[in-house]
């Protein structure tokens, strides 16, 4: 049993919603326990500045930010080295599922705000981003689902949070492209043996698969509603 | 009687001068007591960077700055949040009197430096800016005159300065477009009842009217000199 | 005799090498005692951003940087006011020997990194830069050689270093364009009479002439090797 | 927004109507939730129509300003999130986000609704720093009023973190928030009006802001049952006559009272 | 790099070969020199083929982080020098230089190879700050591994500067370095693999990086004779299957041991 | 400035003349006013022809540098105001404004005209910080000499603010300036010469600077009746022979004396 009562392979309670913003072309909110991310997508649209445009494909731009009040100690607004790295690995995790070659000379902008942070913010951000891209009607090969696993008190557990994170021994976030069974984000902090590593990756992948089902359900519900609206 | 001996509705001594700079297309100095502002105007001229250009009108750009030595405690050079806000409200106060639609695809740049600051720096800045625009020969519907009124020791007074400012209860700067009887800048800090507010606004407007006369006189004198020069 | 055993008019041990980098079009390392600079040249190449391009000539861009670990107290990475000034005087010292008019609408970029700093970093930087330009095959009227002289313990000495620099009374770096006998960089910190000034300048120039011979030798050796390589 | 849209808005106004059929002095539906951010000492989400803003209050120990050594420090910052509008880009703060933060800051500060002297820990050395951070999440006009409401609700619902005194230093224990509220009296709110084609109207839509001649934001607060004015800010490339301003002050008084009723104390 | 070049690289790989004829699990020639920068407390130059990196360690006195008051502070920074590649420009750090510094940092930090508690001078007040600065001098691929080796060699060869205690303050005497080494045990190294056309290969050339589908960097270290993993970072616009990752972990274990042998202790 | 203008200037010089008919070693009319900024501890406005510069001295308490714990700190900063020239834009400082500030700084610092040891308040803890801020208001050439004169006159006319010692801290009372002057001896001035078509001339106009081959600024000061050199800075894309430099040193000596006479002490 874990501090918050979860089983070792149990995700925190998840809440997901698409179409949460009016102005963005697509949007989504994704909550994993006390971590909340909102994503808004604009595009495909014209590229400014022009010289960043690519002749053969759309450019994907991702921005991960944290609200100043999202952390226990206030975070200074504006980009940090950490947020720049995360923006980059999120972008690299999403590219494989997008048909960027279909929209040459355009930009697809994914803006993600973490409103509340309690571990796995990059995972929640990615889950929200994938839903927002789908909500924007951007053509996709598949969704991307993201989840972390890790080690705390010597135990391998799914979706570390709270004290498990601050006192934990290892954190390993993964993003998963289910159709291709491909891991498109993989980072790790902590110490482990090779056997542990493999178990943790497998567990994180399992978490991604659960999240993928939730993402699909949320989109399906939205789609049904859309059907009703049109009647 | 006020600390500096002025009557309640009396402005500080004013000194105004146009054509004070050689390089600028138009320029002016405006002094209200110990507050001194210098303005220089360039344009209408080409817009850099090009993408800021507007097809149907000139863009007006205003920049309010304070010299590092203008304040009791040295001000760090470079723009601050305060100076950016003031630059913006100054721009919005000047736009109504300009024929921006006459100079499409150009920029009119108004640069203002506060050399010495003792309250009402945005008013002195605006008064200098309006004179500099006229001096530059930029076609104008009217001048803009600016002045503040406020409350100190419970009294409603014009053009607060010195200790009245640091210890005062309320400061309300106004910019006035006389022909249209229109207030084009209005800000307020402090606490007042509705009746007090109306009195303070009316007093500030009266101050603007006095300043307007001074501005016109200064321009007229310059104009006469100009006539003489040409003979 | 000086602290490090040199004669008054003696340079520190010099090590110079060209072609030290693979990616740069031309490169060189120049070491004067404990001061080490590496230079890399790119160009003539297209100018970005475009609006910096000049119709009639190439633009020369020089950047002098110091590695964080190059100084006793760590230097913060990124440009400083000092490094911007030095980048500028280095550029102005090199322009006279280049045929910029031969490559209109292009840029020649000279990047210099000081890896280890023990006085005269701008001289080592310039010596490396001139060699790197030659190594890049950029057509030149001549090389530029650079060296400083100064005063320490009341004595006029060449190429001040170590304690002589931190405790010294005067430092005067010079860059020299030998064919034209022209001094193209000249700065001075410290106190001297006119007669001392002239002696110091003459000594620094003599140092430059020695360095010039070393530069030519290094290039000649490279050239010979090149000949062999081609056989 | 193209010129014809502006004309459209003006034409509707000329007919005495608004795009969304509201009366000229009518606000859109306002929804306020507090405590939406568990990591913040206080927080609130405010929706005015399709405009959405979240404000969070964070507190920390810091040093007082040299010119008020016995007073806590207030910092208000606003971020126009790029996801809130296709006009908002990443990068340095826009001038309108600076203006918004400064106008909200002035209404709070000038109304003296927070007793900053009570936020002094050790005179001249340590005081509480109160950060109000505003994230604009969706923009359909009248951001200032939404941000003002969210900030005040976040402050009103805030609970101080615990202060731990060590031998010669202080620490903040964020895990255990106290039940103590901020020393607050009075509720300052901003009410914003725009002029389009000579007509004054409250709570502008984004499309109305783009078509407006000028904007006036008026801050009011309640002081022992009386209404007082504490801030004003004109915006936009036009102006107001004295009579128009007087009319706006009347409306601000009335609308301010309406908005104040929506704030839940504590 | 134009598309045809990428195709060329892929075609070579398809034939089971590499551009420079190495085996898929073979590193280029690695040369490590330590003590190359006399102004640094520790330093190293690493060449992997035509890639060249210099790392320097500087130390200073500073304040600890509030959440670990009894521990020294590690800062890793990387500069992609503009002279190292025509792609590198002056200006704010590129995202890949930030990533490189952070990946190197994590391998050092997470392996716990430095005992930061031993770098505490006075708890809560003064600790040693350890700065590892990486200058990338020539770029022909696999910068992370080169930077990782250079950083670890610089740390392993560092000598602490002398600490001078005054009445109520501390000073650093850089002129007289002590013989004391950093409290270090274990050598963390990063090993990087890329996937091109389904084939995994170690130590990518720059041209291979430009043609790659994805990259995986794995950090390992030695702990009492056992090999442990301490960091991972996927890069590039593609991904890996679980099986591919398992294969990379095996290779990382083996290659990590090879690289570790190149580091000279002390 | 177009090429033909440069040719025009050169042609005039070839005929032994200057655009404004001055002799080659003649300065334009110089006007110096001190005490022009009441908010500054010292200030001066300098006009050289149509070039206009204002310098202000501000003082504050700060910490000494670790390597000179018993000395006050000098900071010189220059702002090329955008209103001074259509070439000056808002934004980060231009390289020529950095150069100007640093050249003026060096002449003051190297001449040792200010006794910074006397500006130490408490060794290693508190010293006076002297800020010289230069605002360039109108640019018609030779900004360095104008800025140098304005800075020195501002320093010479400065009055120290009052220092208030509290129990364990210091405060500055700016309202009540003391009669005490800065500990200053000697007057460093910069004199600038340009070379056009082989001819050396003093005090260049802006148009002459744009046409020049090279520039040399020489700082001199008076030390017990003797003239000493304290700084030099070559500018521009050309150079000087040793003989030309010797000639400039002679002129600098003479012109420096002329300029020094314009400075009013205290």
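So that you can tell them apart, the chains are marked A, B, C, D, E and F in the order they are listed, and the count of residues begins at 1 in each.
By our rule, a residue touches a chain if its C-beta (ideal position, glycine included) is under 8 Å from a C-beta of that chain, and two chains touch if they have at least 3 such contacts.
These numbers come from a predicted model, not from an experiment.
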| Intersection of the contact lists for chain B and chain C | F
| Starting at chain A, what is the smallest number of hops through touching chains needed to reach chain C? | 2
| task | Farthest from chain F by Cα centre, which chain is it? Let me know. | result | A
| query | Which integer distance in Å separates the CA centroid of chain C from that of chain F? | reply | 28
| task | Could you please state the distance in Å, as a whole number, between where the Cα atoms of chain B are centred and where those of chain F are centred? | result | 31
| task | Return the residues of chain D touching two or more other chains; collapse runs of consecutive numbers into ranges. | result | none
| message | If a residue has to touch 2 or more other chains to count, which residues of chain C qualify? | response | none
| field | chain F residues within the chain C interface of the complex | value | 93, 95-96, 98-99, 101-102, 106, 110-112, 214, 216, 223, 226-242, 245-246, 249-250, 253
| Hey, which residues of chain D end up touching chain A in the complex? | 37-40, 43, 50, 52, 54-58, 60, 77, 79, 81-86, 90, 131, 133, 135, 137-140, 174-175
| For chain C, which residues count as touching chain F in their complex? | 81-82, 84-85, 87-89, 92-93, 95-96, 172, 177, 180-194, 197-198, 201-202, 205
| field | Residue numbers on chain C that touch chain E, as the complex places them | value | 21-24, 27, 34, 38-40, 42, 45, 63, 65, 67-74, 77, 79, 109, 111-113, 115-118
